[in-house]
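Heads up, the next two complexes both have chain A, just with different partners, chain B and then chain C.
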Partner chain A sequence: MINIKNLAVSVEDKEIIKNLNLEINSGEVHAIMGPNGSGKSTLSYALSGKDGYEAKGEINYNGENILDLNTEERAQKGIFLAFQYPIEIPGVFTNNFLRTSVNAVKKSKGEKEINAVEFLSLVKEKSQKLKIDKEMLSRPLNVGFSGGEKKRNEILQMSLLEPNFVIMDETDSGLDIDALKVVSNGVNAMRSPKRSFLIITHYQRLLNYIKPDYVHVFANGKIVQSGDWKLALELENDGYAKFLN
Partner chain B sequence: MIDIEKLKNHFKDFKKSGLANSQSIKNRTDAFERFCQKGIPTLKQEHWKYSPLSKDLAQFENLKFTVNQDKYFDAVNYEKFDHYQIVLKDGVLISENIKENGLEITQYKKDNFYEIEKNQILDFNNAFFTSGYEIKVDKNYQVKKPIVIYNYFSKDFEGNNINNKNFIFLDINSKVEIFEKNIFDEENLIFFTKNLDIELKQDASLIKYYLNSTNKNKTIYNFIRSKLEKNSQFEKFNFSHNVSSCRDEIIADLNGEHAFVSLNNIQHLSQKCFHEIKWEINHNEENTKSSQFVKSALHDDSVSAFQGKIFVESKAQKTDGYQLSRALLLSDQSKFLSKPELEIYADDVKCSHGSSSGSIDKDSIFYLRSRGINEVDAKKMMIEGFLAEVINKIKNEKIRSIFFNKLNEINNS
Partner chain C sequence: MSASDEIIQKYQDGAEYDHGFVTDIDTIEVPKGLSEETIKFISNQKKEPKWMLEWRLNAYNRLQKMKEPNWQKPKYPKIDYQELYYYSAPKSFKDGPKSLDEIDPEIKKTYDKLGIPLEEQKRLSGVAVDAVFDSVSVATTFKDKLKDIGVIFCSISEATREHPELVKKYLGSVIPVTDHFFATLNSAVFTDGSFVYIPPGVRCPMELSTYFRINAQNTGQFERTLIIADKNSYVSYLEGCTAPMRDENQLHAANVELIALEGAEIKYSTVQNWYPGDKEGKGGIYNFVTKRGDCRGNNSKISWTQVETGSAITWKYPSCILRGDNSQGEFYSVAITNNYQKADTGTKMIHLGKNTKSKIISKGISAGHADNTYRGLVSVHPKATGSKNFTQCDSLLVGNKCGAHTVPYIENKNSSSEVEHEATTSKISDDQLFYCRQRGLNQEEAVSLIVNGFCKEVLQQLPMEFAVEAQKLVGISLEGSVG
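Moving on to the complex of A and B:
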């Protein structure tokens, strides 16, 4: 699914990620854990093609190096970033945005666009599962949403767009236990042999709910240790200090 | 530049032409003399500091006053919902008078002009006006359907200057909604001044919508003077799209307790369009409330100027005044000029003001693009969302959808 080779990422000429290699196969869930400032969010932005993130090396997605694709092209091909801080956009209504997004992806695949009536029934079904209030969808995008509502809205977008590769950037931040369960259930329901996840987090807590196949420790812009989910438990006990120099 | 000497001869001709009724000749002559003394507005005068008018008037070396006798107005222009119609063709009222229930619409009949010292264009309008409309709503009457005013500028108009006066009077506890739109079918050079006086008696409510869309070579000056008595409300929503040059000036006097005025403007401008707002809200009594909300989306080398003033008299305690103007600068050449003013003589008031300008937020664009929406569409969504905040305040569904359709249409053109 994703094969990252010798990836280096610079922001304003400062190299943040150095020589990163990571392979994620279809159906796998990988977690990247690391301290503040280790470059985790930079990785998520580089994978999504954010402007200003200069990437060198290879990001092979289903056999194609996507480094030259822009953000929307990557999204249309099935790469989805769940934001740590979903952006508030006054005046853009959530429902409208969701349908525009779904149709943009459908259009890029040459599929028929979904009409307003079909969309409403689809969004109703998906939002009920995530305990999203209908009223929330008629509000401006993320404006005045609580932390939990913002994250549930991210998962709703994921379930509507049905991406192949999902990057979750500190999805657990700002969530209480109940919201964490709802969000994790939403993610677990999306797990499939055809879909891969890269979960970026500080804490092991989220990984109690979404159990990863592999855990990588990320420090100083590179992966310094890899293991199975038990590595997350060790990190919880020992901290990151031994990986920092 | 307008030649004052030539204009004096024009005024003599104008007085003889029958365009001015005989009772008002003295008032008109006084107003004209005041205009001549004050001269054309210049950028050095504080009142006209940002105004495109001073520059624009240079194009009008010869002002030409005529009246178009043709009364034809194509029915295709009428809105499709049930409404009362007022049609002004080249500044002259051509629609039938209306008198039913508590509503009366006639030609403008008032004859008592007033002077505002700094405003020589009002003097000009006082001297040269032709009669527009007069709307009167009786006590306790709530007009059931909206009034639509069609300001039609036809291609067979031979003059280059139109000035008119209009009046809206709402008696105690009456209510009406008015939607006004400009229709232009030619790119001829026109200098248009419009004066509207509004009087709202106790508990009266007026909501006025104004769609001023797409024109070339037009210099428009809209001047509204509104007086609000106790517990009356005046709400106004303007949508200006690609108006070549326009100044919207409003003075609102809140003269009775709990009077409320809400002024809301959208400017969507491109190329060399210039739109200017000059608002002055006078809180003259206790417990009065005002809101000013302005959004501008500026492409190319367009300019939007905002001068909004909240004035609070010493006795106007518990005043609540709000003002926010924001601009999206969509090109390096576009400009937003903002001058918020507060002049407060009471000590127990709540007044806030804010003004900001900037380009489209890059993180927001990234967020939308990360959901598969291309950059061009993401920017359109952002512009639409930015301006829609004003439109969303409109409660009348029909008018709201007209404004939204207009926004969609221009955003996708």
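Moving on to the complex of A and C:
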């Protein structure tokens, strides 16, 4: 699914990620754990193609190097980033935003766009499954949403867009236990042999709910150790200190 | 093709202004310049009664002693009024079309291209259209149907002939002949526009609409619209405007007067899409318009909604004089300026009657090198006790080279009235764009979505049939404004 080779990422001429190699196969869930400032969010922006993130090397996605594709082209190909801090857009109703987004992706694939009525029943079904209050949909996008609501909204968007590759950038930060369950249930429900996840987090806590296939320790812009799920437990006990030198 | 497809297509074609074509027809033009002869010629062409000509000449005489105002923010090169044409009409209309069948097929085609088919059977149900081509009204649809319920909807020229008592009584009663330079100029040389009279107690069953088109070169368009809503009546009126792309600037100086008698309500909506000039700021319409409504009777209401996306310079303040007790004035505005466009627009709410209310919602959007000013006056007079105003002025900046200014004047001369003013300025952030694009929207779609959200409150005020059009227009006007 994703094969990252010798990836280096600079922001304003400062190199943040150096020589990163990572392969994620279809159906796999990888977790990246690391301390603050290790370049985890930079990785998520580089993968989704944010302007200002100068990347060198290769990001092969289903066999195609997507380094030169812009943000929306990558999104339309099924790369989804669940934001650490979802952005507020005043005046734009969540419902309308979601439908515009779903249709933009459909259109890029040459599929028929979905009308307002069809969309409403789809979104109703998805939000019920995720135990998300529909009321949220008739408010401006993320404006005045609590931290938990914003993250639920990200999960709802993910389930509507049905991406192939999902990057979750510290989705667990600021969530109470209930919201954490909603988020992780949403992710677990979407796990499939055709879909891969890259979960970026500080804490092992989320990984109790979403069990990853692989765990990587990220420090100073590169992966310093990889292992299975047990590595996360180790980190929880020992901290990151031993990886920082 | 979906709306966003169209936007992309247009963007790729580089054809940002969609209505820039010229219709090739023979026209009658007056000799150049502003003079008594020109005015007599216009009056004669319109077969006006003598009192109308005298009215015009009086305005012309007063104009000689007046100076062009110069306090506005957008400055423009001096206009040589002797170099302008004041009348232009398709030759085939010398005597005016008697019915829709008589309209020059070329003009019909023009309106079809603009999406304003004149044939009644093709009309959106419930919208009657008066189409003004350069200086003459070419067609008024649904006239007979309206006549049955006593509604008069015709060109102002026809009204001076057919309904002189109404025109005499109300013309210039809201905007006095000597109000200011452009209003006086208009009073002297106005060519055509719409006339509407709604009889007492009648709720006009359809949207009335006028479509203005400037076609001829070096021609000023001086339209005059007069709408009278008699006691307890209601009317909703919409005007739309376009012009061909031309390198020189063209002047549009209209006067619009609204009169709402006791218990009456007038809703006036404008979608202004005059040619804005090219990307370097060459050409475009000078849209210097005087629009004023008079809530003359108690419990009357006038509501202005404007979506201003075109013109090189937009300079207008649709206003309400709240004369009757308990009368209400509203002003909803979206003004979009891109490239080198400039706008200085807002409203005046003059509270004279007791317990009068006014509401101002203004959304200014600047992109490119454009400059957008909200200028408004809320004046509560000593006798207007218990009055209320609420004003909200929001500005949105797209990019780093544009400007937004807010100039509110507030006067409250009694202690029982309340005036509220809120203002915000924000910028479309890179993070907002990134968020939208990560969800699959391209840059143009993202800007259009964010801007439409920003001005939703105003767009919602438009009649349904036009709200969708306006939304598309908002997107198109901002093409190429980011990145």
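The definition used in the following text is that the second predicted complex is superposed on the first by the 245 of 245 C-alpha atoms of A that agree within 3 Å, B and C clash if a C-alpha of one lies under 4 Å from a C-alpha of the other, contacts with A are read in each partner's own complex, and residues count from 1 in each chain.
Note that contacts are C-beta pairs under 8 Å (C-beta built on N, C-alpha and C of every residue); 3 or more make two chains touch, one makes a residue touch a chain.
Note that the coordinates shown come from a computational prediction; the quantities given were computed from them, not determined experimentally.
K.L.:
Could you tell me if A:72 is touching chain B, chain C, both of them or neither one (first, second, both, neither)?
P.N.:
both
K.L.:
Which partner does A:113 reach: the first (chain B), the second (chain C), both, or neither?
P.N.:
Once the two structures are laid over each other on A, A:113 reaches chain C alone.
K.L.:
Once chain A of both complexes is superposed, is A:244 in touch with chain B (first), chain C (second), both, or neither?
P.N.:
A:244: touches no partner chain.
K.L.:
Quick check on the superposed pair: does A:233 touch chain B, chain C, both, or neither? Answer first, second, both or neither.
P.N.:
neither
K.L.:
Using the touch definition from the top, say if A:189 reaches chain B (first), chain C (second), both or neither.
P.N.:
It touches nothing on chain B or chain C.
K.L.:
Go through the superposed model and pick first if A:140 touches only chain B, second if only chain C, both, or neither.
P.N.:
both
K.L.:
Kindly list the residues of chain A that each of chain B and chain C touches, one partner per complex.
P.N.:
Dual-contact residues (chain A): 48, 50-51, 70-72, 75-76, 80-81, 83, 86-87, 89-92, 97, 100-101, 104-105, 108, 140, 157, 161.
K.L.:
So in the complex, which bits of chain C are touching chain A?
P.N.:
These residues of chain C touch chain A: 2, 4-5, 429-432, 434-443, 445, 449-450, 452-457.
K.L.:
Which chain B residues qualify as touching chain A in the complex?
P.N.:
So the residues of chain B in touch with chain A come to 361-364, 366-375, 377-378, 381-382, 384-389, 392.
K.L.:
What residues of chain A sit close enough to touch chain B in their complex?
P.N.:
Going by the criterion above, the answer is residues 48, 50-51, 70-72, 75-76, 80-81, 83, 86-87, 89-92, 97, 100-101, 104-105, 108, 140, 157, 161.
K.L.:
Which stretch or stretches of chain A touch chain C in the complex?
P.N.:
Of all residues in chain A, those touching chain C are 48, 50-52, 70-72, 75-76, 80-81, 83, 86-87, 89-93, 96-97, 100-101, 104-105, 107-108, 113, 140, 157, 161.
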